[in-house]
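There are two complexes below, and they share subunit A, which is joined by subunit B in the first and by subunit C in the second.
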Partner chain A sequence: MTKQTFRSFASVLAVSASLFGTQVFAKSDITIALQLEPPHLDPTSAAAQAIDSVVYTNIFEGLTRFMGDGSVVPGLAEGWEISDDGKVYTFKLHDGVTFHDGTTMDAEDVKFSLDRARSEDSANAQKALFAGIENIEVVDPLTVKVTLSEPNGNFLFNLAWGDAVIVAPESIEGIKTNPVGTGAFTFGEWVQGDSITLNRNPEYWGDRPALETATFKFISDPTAAFAAMMAEDIDVFDNFPAPENLPQFEADPRFQVLVGSTEGETILSTNNKMPPFDDIQVRQALAHAIDRQAIIDGAMFGYGTPIGTHFAPHNPAYVDLTGNSAYDPQKAAKMLADAGYADGFETTLHLPPPSYARRGGEIVAAQLAEVGITANIVNVEWAQWLESVFKGKDFGLTIVSHTEPMDIGIYARPDYYFQYDSTDFQALMDTLNSTTDPEERTRLLGEAQRLIADDYVNGYLFQLAKLGVAKAGVRGLWENAPTAAIDLTQISWSE
Partner chain B sequence: MSRSLILGACLSSLVLLAAAVSFVWTPYDYTALNIPDKLQPPNAQHWFGTDHFGRDMFSMIMVGARTSIAVALVAVGIGMALGVPLGLTAAARKGSALDELIMRGNDLVFAFPSLVIAILITAVFGAGAINAIIAIGIFNIPVFARITRGAALSLWEREFILAARVSGKGAARISAEHILPNVANLLIVQGTIQFSLGILAEAGLSYVGLGAQPPTPSWGRMLADAQTMVSFAPHLALIPGLAIIVTVLGLNLLGDGLRDWLDPRIRVART
Partner chain C sequence: MRFLPIFWFHRCWTGSACAPNVASMLRYALKRLISLVISLAVASVVIFAVIEVAPGDPASFMLGVNAQEDTLAALRAELGLDVSKLQRYFNWVGGMMVGDFGTSYTYRTPVSQMIADRLWVSLPLALYALTLSTAIAFPVGIYAAARRGKPGDLTVMGATQLGIAVPNFWFAMMLVLVFAINLRWFNAGGFVGWDKGLWAGLHSLTLPAIALALPQAAILARVMRSSLLDILGEDFMRTARAKGLSRRQALWRHGVRNALIPVLTIIGLQFSFLLAGSIIIEQVFYLPGLGRLVFQAISARDLIVVESVVMLLVFAVITVNFLVDLAYAAVDPRLRSRT
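Then we have the complex of A and B:
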């Protein structure tokens, strides 16, 4: 090799190295995998968590918003005043906020969004969040006054939900396929069955995010998820479906594993109207027959926190009631005998696809068999589960994770699929909803937790863990999931 | 006897033996979960290791053999019980409308990809061993009907059948007394082949969750459960996989061997 060619070779090397280098250092795109594809992209008209995962704080913003630690901070409202009686909230909106289509975001849009959500024919999945609103008044383009019928200590928390984001009347028509919000990212493209792309919004009113584009990919099969992650086809897996693979990611310097908690109370839902489960003794026996730790270890490979009631352990108001339904198969068998089922009985156990249910169900069935209960496993797909269990109430037992935050209120709905009908509990919830004093609320929430634990409404198993896997260089991911969300504005690459 | 016959018979009887013994004895209770002992590789206590719930894999494989064999055997039984009489009838009434009806009906069933229809049947009527048996059994009917008819047709031309007819025997009696014994060897050979296909179909159905439901062990479901754990506990997938291979290979070799052994022409040529 002559000196000449060596030099040109070296310069080529240098150029390609610098090209490669800039590419690495300025990495501003990210590929994030979700387990489920959203049915559409309107967070204000469906309960599907996958919608919020894509759009919450990225495309759509509310007056307030959740942070990764579960706190509620100002969003589109830069501040607010609360009247002394706790009934009137006056929100001051950020100036100069525009929607992605160029129209301005002002008080009229706030009134439109909240009125739409609370209207009679609203398709909002969480209408209860807005139930207390009596009147919404536009004071000036940047000031909105919301009057509540009763003081509601949770109102700012309620407004932070994805169901309460601000939308515009100009673009509401096509919101399901072409969402137009105020967020830091605009909707790019949706390839059905494959991915959704978001692009940075150059007109964004807040801080400029580090990412330029983000692609959400949908991978539900645990084996495919593992392969895609190992092949580095995706940068972040929001909630990895196979907990058994986490140690491998932990041992691999290419990846980081983020274990946090979700709002998902995983429960052995019991049909409270179906004999023999209408007998509290039978339900109590069921609760004592279950070894939670074995389920967490066997189904979730140790990830998850045992719960004794329908409440998230990371919530300050949580009461640990696991002792109330401690694992005691002898006691369970005796209680069954007292209830007239000395020879046990037969029932069905419907299991939706996630591994917490399928694997957890096999363990639960084996544990119930120990005390003489034959639980026949019926594996179902989500669509079947919604149809026959959730809507049709045609089930004995089922395992499912309730992932909405602060959802103990579902026990006040006698027509909810597990059909718990307790006037005491319903009255308690009414009192709670009209209480603003934080200490009193905590006390009432504790009472509510005890009530459903003492009534053994369902078998309370464990709080679902959030198992995030990401490439080592990704920063700013949420460890916990106070709500379903992937906050792209905080995410950056460290290299 | 050929070597393939001996090897096939050995492998098949090994599996049959495991299934038979599992009725009275397994090393451990195959339903007993023992989560602290999960994912052990094969060792002295657990010869095939333990699965993700700490269940003994050896016991599960034994009982799984029982599930596979029961499903495949009954499915082949359904196929023979319905297919053979249909084939005999069609051959006896060759060229008639009945013959046409039976054979076109066969074509109809044949026209569908069998596993897809089996999935459809189990999806509609619910997953479970019984529905898996029915689904696999239905596709065995035309196989046996065709083989029987084809072999019977050539027999009907033979002199001894002619003699039987001249002596006044009816078609049904001739079919039962003269045709059936002469096609029996073919049916036995085909039976072993269908049996091995039935084992594969059962594994396939339970792999997608439509076969025997937990806690009944099934080789296909063991494979499906093992999928995400192959990288750190390969025995979870290898062992049920090997069980399926041994069974299917054994039955195929047995079928091949039996065909050679039972075929009078080859036997004459050998001696």
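Then we have the complex of A and C:
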């Protein structure tokens, strides 16, 4: 049967169904594909983004939460008061919130969750988020007072992370395989290697979501991802792994393509302590040798926004500094000669598995060769990358997308793998952390962006795009990814 | 030479005395058993060494780039990674002896449970593919042998050559394109689970089974054909014809039966290949099988899972070989004295 006859056959069926008075209800189930399967379902003890994709705001909620546009809004906390010195946060909790096992969510649970995250034997992958907490006090069942050692303008933002969700002592034991949260969806079933099912929580304290069930499927192979979408086996593919296929989906009325931005600054990380990269002139030459648009076109099929510093372009505080390191191979070659490398030099370029790195790396290496730098490509697995590059600092160059939101603070850590050690920048970050005035923060963030761009710490390539594919009828998907999440509470099917 | 025993089978079947000498058989079995144990011990050392030598700390992988040193240490202690490698090796081997394969680093569930779950996909898939490949190969091989040198035979030989040359994942992609995307007869991948019924389960395994079966069927059909041609030249075939059987009768009554032995050997080998080697097909069809488990575990540095699954597969292959050796020895007394 050809596609055409099949379609007409199907439409005849549909017409006869409506003649017989069958009503068509809006679908209330959805199948969403992710590239990676979560290792377990505890967002407070692992870095895997796939965990947040499944559980964030669906099963687990924090005191505050991210919205699709990146803003931070109240979550389990109805509201809060901040003391004048910026050190004491008093949170008022929503009344009548229960965990999925029927126990009440109250101030004790908040204290338990935050204490657990910052404790000595905590397995929290973002323990630094909680470092400034000095004391947590239960005032009454619906009021919690958190005291910080010093003011932290980012505190409410930090609490919105998946690593800061509220869990209960009663159910913490089984959290990895049977997560019990306060969210609008309860954990249903996990067929390991295949799928995870969530069901609507009838007792949910907030607005009732449109979806009744959601199934997450795990498809890592790009070809399989394309086939599964085309065969309409799945309704949504979050972060579609094959950008080369997107035009085909765009042209097909059955589908919609969502192009947004992630928090991923994709950079050519440079080992600032390893000669010749300890010379700012060499790093500047490197920056001018790179043609960002060619990398975006060649490696990402045109998806991605050029960046000139380590900051997300969709953030209001972003400063466009791409002009600071405009593509100019002649200038790059001259600067290299001035620095004493007229004949170029040899270095390594470590590439982790994602295609932005592997494909992008080939292009970067070719561009560097144009100015005389020989970058020997070393392909590595993530575990190897963490071991040799991130921990061992045994690399010249590497390409990585830094996907944590608002992570410019990593430049204040001299032992961080690219080893940028600037007292000016460290002082600036200290000032920023203790500043709560939004306008002043924006100014300081701009200054920080300029500082690292002027020091040419790393080669700044592009902001990683978020490429989603979905059936045409799906509404309420996040276009951007301020954090890894698929907010099921907002998703519905149009008629 | 594995094919040698065919003739002994044949002679046994045609009635000459071949009662096995029990004592020599037992001695032989014991020797083979000792060599099996040594092979397993060596395999366990090699597997452990190779996997542990690869760089990458499971704890850092799980906690990512922002993890603090004390957090990493806490996780390592929790996973049992804080003891020496030698100690870990003995813990692992000791556990396996009593059926405890350890606990997955990433999933935090018992590895034996994970393997059992995945076998419910991989084992039926391997059996399904094997059934299909046999069902295709037998008639095709017999047909080709019966028409040796004629156009029908040449077509089969050409087609099977192609079948061997083309990798199974390419077949997989073509099958998906035609039967899942265009015709919509099947899902493009995934496994619905046996709790949805036998038919639904088989339905979702059909495309992967065909993709796995086609190259295997091509190999098997060629083996069937050449084995049958060998038999057709045997004296007893001439005798059968002389007794007055038609070509066709002789082929079916005496030829096919005797040609089966090398074919069965190949089928045995193919089964272990299908069980252990369907990693790519399981990726293409995103099936929750053993191959995909190993694939995921390797990239997540879930060392205990990789080690245990590989060890289990080695155990399966070595055991199958052991049984095959015993079977050969049972029919060929000469093999017993040789080792």
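Heads up, the rule we're going with is that the second predicted complex is superposed on the first by the 471 of 495 C-alpha atoms of A that agree within 3 Å, B and C clash if a C-alpha of one lies under 4 Å from a C-alpha of the other, contacts with A are read in each partner's own complex, and residues count from 1 in each chain.
Just so it is clear, a residue touches a chain if its C-beta (ideal position, glycine included) is under 8 Å from a C-beta of that chain, and two chains touch if they have at least 3 such contacts.
None of the values given here were measured: they were computed from a predicted structure.
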item: Side-by-side fit of subunit B and subunit C on subunit A, or clash; value: fit
item: More subunit A residues in contact - subunit B or subunit C; value: C
item: Touching partner for A:365 - first (subunit B), second (subunit C), both, neither; value: first
item: First, second, both or neither for A:223, with subunit B first and subunit C second; value: both
item: Subunit B versus subunit C as contact partner of A:40, first or second or both or neither; value: second
item: Subunit B versus subunit C as contact partner of A:205, first or second or both or neither; value: neither
item: C-alpha centroid angle, subunit C to subunit B via subunit A, nearest 10°; value: 40
item: Which superposed partner A:176 touches (first subunit B, second subunit C, both, neither); value: second
item: First, second, both or neither for A:345, with subunit B first and subunit C second; value: neither
item: First, second, both or neither for A:127, with subunit B first and subunit C second; value: second
item: Least Cα gap, in Å, left between subunit B and subunit C after the two complexes are fitted on chain A; value: 8
item: Subunit B and subunit C contact sites that coincide on subunit A, given as residue numbers; value: 223
item: Contacting residues of subunit A [partner subunit B, same complex]; value: 222-223, 226, 242, 244-245, 247-248, 294, 297-298, 359, 361-363, 365-367, 369, 376-379
item: Touching residues on subunit A, where the partner in the complex is subunit C; value: 1, 3, 6, 37, 39-40, 46-48, 120-128, 176-177, 191-195, 217-221, 223-224, 227-228, 230-231, 233, 353, 381-384, 386-388, 390-391, 404
item: Parts of subunit C lying in touch with subunit A, wherever the complex brings them together; value: 54-58, 60-68, 70-71, 74-75, 78, 106-109, 114, 117-118, 173, 176-177, 180-184, 187-191, 193, 283-289, 292-293, 296, 299-301
item: Sites on subunit B touched by subunit A in the complex; value: 31-33, 35-36, 38, 52-54, 126-127, 209, 213-215, 227-229, 231-232
